[in-house]
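There are two complexes below, and they share chain A, which is joined by chain B in the first and by chain C in the second.
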Partner chain A sequence: MFEYSSELFNLPVYGLAKAEKQAMLDRVLVQLSHHHYQHCNQYKNLTDCSHFDFSDKKAQDLLPLAARLFKDFSLSSIESDAEFRQMRSSGTSGQASKIILDAESAKRQSKVLVKILQAWLGKQRRPMLLIDSASTVKTAGGMSARAAGLQGLSFFGRNHCYALNDDMQLDLDKVSEFFNQFSQQPILIFGFTFIVWQQFIQALAKKGLKFNLDNAILIHGGGWKKMQQEAVDDELFKQTIRAQLGNVSVHDYYGMVEQTGTIYMQCEHGYLHTPVWSDILIRNSDDLSVASFGEIGLIQVNSVLASSYPGHCILTEDLGQIIGEDDCQCGRLGKYFKVHGRVPKAQVRGCSDTFA
Partner chain B sequence: MSQLEQLKNAFVTALGVEEYEVKDELAYSEHVKWDSTAHMVLIAELESEFEIMLDTDDIIDMSSFAKAKEILAKYEVRI
Partner chain C sequence: MTHSLKFSEQVNWHIKPVSTSLPELFPWHIKLIEAVSGFSGFILKQAELRQYPEIIALAFWFRKAHLDKLATEFESQRQSNSPGRVFHIAPANVDTVFLYSVLLSVLSGNQNIVRVSERSGDVSWVLIELLKHYLNTESGKVIKPLISVVQYSAQQIGVTEQFSLWCDLRVVWGGDNAINAISDIAPTTKQVCFPDRYSVALLELDEKSDLQQIAKALLTDVIPFNQQACSSPKAIYWLNTKQSIQTAFWQSVKAELSKMDHQLGLSNKVEQHILLQKLAAAYAIKLDDNSGNKIASFAKIQSIGPIGHCKVKSLTDIMLAEHTGNGLLIELDIGSVDEIAYSDKLQTISYLCSQSELKPNGKYKRLISLGKALEFDSVWDGVDLVKIFSRVNCQN
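Up next is the complex of A and B:
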């Protein structure tokens, strides 16, 4: 089993400056590479066929696995009897990713998710409205990304209320009752971007209903693909929500089932922030070299959390751009960045190319 | 009913386990019925049963029955 130092998870979420953070990541990510090399056959094979040598490597030199490999294979660094849970992506297009967790990893993921969110929400739990159906989390057999998101965020709520019925339609009675009861309190609203927009905000607008919340926070994620089709950008999304619901602070987040526990929250200036336990790199899509700040390329996500599967360095199929490091106006340390959607299918390179 | 019995009952009700299973070693994610969904049901049950408000640290720390007793002691539940 991979041993973490006890101080690692007590680091300040957005308080470690570049030099110290990168030194920590270099150390832990190289250790994790060794760990997966010893415990995951496929990872060893991929490493060996690229003639890769771990010695004297820094985090940015490590070979990332293409996200798609988690769709094609069950990559695991644990014995099968230690398997506690399989996470799978929502799989809107084609095959779903399978991520294998032992009990310790699952606990560590929850703990880190809570630490990240405490930095935005505080420790007190809030009355919580979930823009989804209660049946989403009850689906048996593995856990979907949506269910994991809903459950992870539930830790921050009390008096949980699901805004949609089993057919994913607005349950107006429940929502009105919830807002009437808690409108003067700091409410937490959570949901997936497109569901919040279409099934909640648009549904309220069609009925001509407005609320006047005093102090709410909306956390949403899951991507902008469908939103772009409707020509809705971040700014319009925020404006419409405030027009419909009142004083709501709206935060997008970026995250994926391959690295559950890590989320990149959007600050008040509109940028996504890397917490101390993870980092992002941008790679040029033509040769996979590391791009400079400001350049748009493929997003690589690195995380110290992945110990039961070789997912500590993953090359995603998302495009993004690093804006800067340690100098966002919001004051949080770490890299901050923007996501620009997904690469068109044809451009996605096969996993073998990643190791060329 | 003593507060210890009240606590045990809350575990039985929220997790759907048998009374004899509720002992110090009963642990989150080790017992098949104590998963993350049941965990939130348990938290709600403890809050209403003892009229307390737990924070997010408590929810994460409450990883066993023994831990639950420790955490509730902070809220002056005498067990």
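Up next is the complex of A and C:
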């Protein structure tokens, strides 16, 4: 059983300066490496592949496990009877990733997700519009990333309303009723980027319908691949939403099923932010060396949340660049970064970017 | 004839079957040889095709002189058989191989339908366009009734079934999954298949070796189909070759690569990293850094531009069979050819040895000089295609 220090999860989400944060991550991530080396055979094999000795190492020296390995292997550092839940990516092509959680890891993930989102939403639950169909959550046999996202976010809302019917078409009566009832209140809207765009915003636009919300926040994620195909960028997305719905603060987020609970929220200045329990590294694709701030390369995500599988340092197939650390104009501490989509033509990993 | 094929499902004919009567020419008839070698000349006349070395190689293979030679060999073992119908299912990974198979079958006078994958590369589409044009020329029209090219989804099992019932022989170019799936469709169809194989290079270099030439030859075997051809080497066995020479060799590879066109990009580089991790996680493959010391870094491949390489301490047939191409060369130092991972799946050993006389002693299909791994042979993977295509109507 991996032990965390009791103060770790009381740290301020965006309030720990670089030196302290990096020292904490170095310590905990190396401990996690030791733990997985002892409990996960594949992780041990990977480490021993080069006689790698991770004692006295820093977080950036640790092996970044390729996210793809979660498709080919059931990576686990727990006994099978301690398994609490399996998370699955909802990719349409090829195999899905399998993430094995024990109860403690699942609990930490939920707890941290709450802390991160409360830093953006406050503690008060808001009337919530979910841009999806209620059946997405009900019918997902295992735990699809989309269902998990909808369920996780529901915690921050009240008077939940699903904007789409079972055929993923706009349910105009329900949405109108919801907006009429709550338009003066701080509303939370949540959905996956492409679904929000195509099934909600475009559907409203086609009907020529506009609303005038007073104070809403839209949180959306799942990737820009399909949006790029339609030549919609972040700016156009935001503009269109404001034109259609009124005063809405729009926040993209980045995250993946391999590190559920850790989400990277987009601030008012358009950058994604690392919460204190996680970090981003950019690696040069040729030799996996750590790239400088500003350089575009493969995104590595580090997170201390889960202990049941060796997913504390993961090499994604996404491209991104770090803009800076601790000095974003929004005032939040931690690295802030941009995502530039998937490596072109690499195997589609599909987190939630699956609805077409 | 082909016009009797009626589909309820959508198929996309790149070259439509024609309902004119067949030429009824016996195998390797001079008219067939002239028409096929005419296609070769048609290609070689077009200067802009020089950017496709795979197409030039194909044209060169089907030149008249080579076909005459094959015809002579064929005459010595001719049997009286009438032409038949052949259904070819082409692979997506190697763009030209389907056409070798089809043209050899045409030379035997057979009528051919080729299914191409929607995932086929650019070279396939160029070839199909060329063929379409050629079949409408004076010299090409002789064989026009013998060739049609169709594209449809592998999920359209009913279509595969109809073509399978139509033909006398089905030719399936791998991989194993495709072969298994297709074998279940019209299962009594006479069939030749080319399952997944892996290939390796064997190098024995010394101070006198011409590293530049050897690097070029290796890249000729590796680069053309992003190393995904089954005859492209996935690994290099260094036979009694000093590390300093190996290091110099990789510098030569780097220099050669800078002069070459290639299709390997970022996604292939990412696949190289992932492949090493998969092999390490599954089979505990270990890197060999020649020092034995604990080293400061986690396991990673070394990049020579778009090519990756990594030296390991042991290498098995199972690991090689899982290699997905994408430009990664796994290296192993060996003291004897007995250490090669021989198996039923080992196809080609492309070799360059400076001294000892080479006698690989184990299961493999083909031994060839480095740089010629991708050259087609009418005996492919142990199957004599000339013989097979000239007796598609035989019972066995």
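Before moving on, here are some points about what is shown:
We adopt the following convention: the second predicted complex is superposed on the first by the 341 of 356 C-alpha atoms of A that agree within 3 Å, B and C clash if a C-alpha of one lies under 4 Å from a C-alpha of the other, contacts with A are read in each partner's own complex, and residues count from 1 in each chain.
By definition in this document, contacts are C-beta pairs under 8 Å (C-beta built on N, C-alpha and C of every residue); 3 or more make two chains touch, one makes a residue touch a chain.
Every value quoted in this text rests on a predicted model; they were computed, and no experiment measured them.
When both complexes are superposed on chain A, chain B and chain C sit side by side without a clash. Once the two complexes are overlaid on the shared chain, A:317 sits against chain C while remaining clear of chain B.
A count of residues in chain A touched by chain B and by chain C gives the higher number to C.
Applying the stated contact rule after C-alpha superposition, one finds that A:125 touches chain B and leaves chain C untouched.
Of the two partner chains placed by superposition, only chain C is touched by A:53; chain B is not.
In the superposed pair of complexes, A:248 makes contact with neither chain B nor chain C.
When both complexes are overlaid on chain A, the residue A:286 reaches chain C alone and has no touch with chain B.
In the superposed three-chain arrangement, the CA centre of chain A forms the vertex of an angle with the CA centres of chain B and chain C, and that angle is 130 degrees when rounded to a multiple of 10.
Of the two partner chains placed by the overlay, only chain B lies in contact with A:160; chain C stays clear of it. Once the two complexes are laid over each other on the shared chain, residue contacts for A:16 go to neither chain B nor chain C.
In the superposition on chain A, A:68 makes contact with chain C only, while chain B stays out of contact range.
Of the two partner chains placed around the shared chain by superposition, neither chain B nor chain C is touched by A:257. Put simply, chain B and chain C get as close as 32 Å, counting only Cα atoms, in the superposed view.
Across the interface of their complex, chain A is touched by residues 28-30, 36-37, 40, 44, 47, 53-57, 59-60, 63 of chain B. Residue ranges of chain A in contact with chain B, taken from their complex: 84, 103, 106-107, 110-111, 114, 117-118, 121, 123-125, 137-138, 151-152, 154-156, 158, 160. Looking at the complex, you find that chain A touches chain C at residues 42-43, 45-53, 61-66, 68-69, 72-73, 285-288, 298, 315, 317, 343-346. Looking at the complex, you find that chain C touches chain A at residues 265-267, 269-271, 273-274, 276-278, 280-287, 289, 293-300, 302-303.
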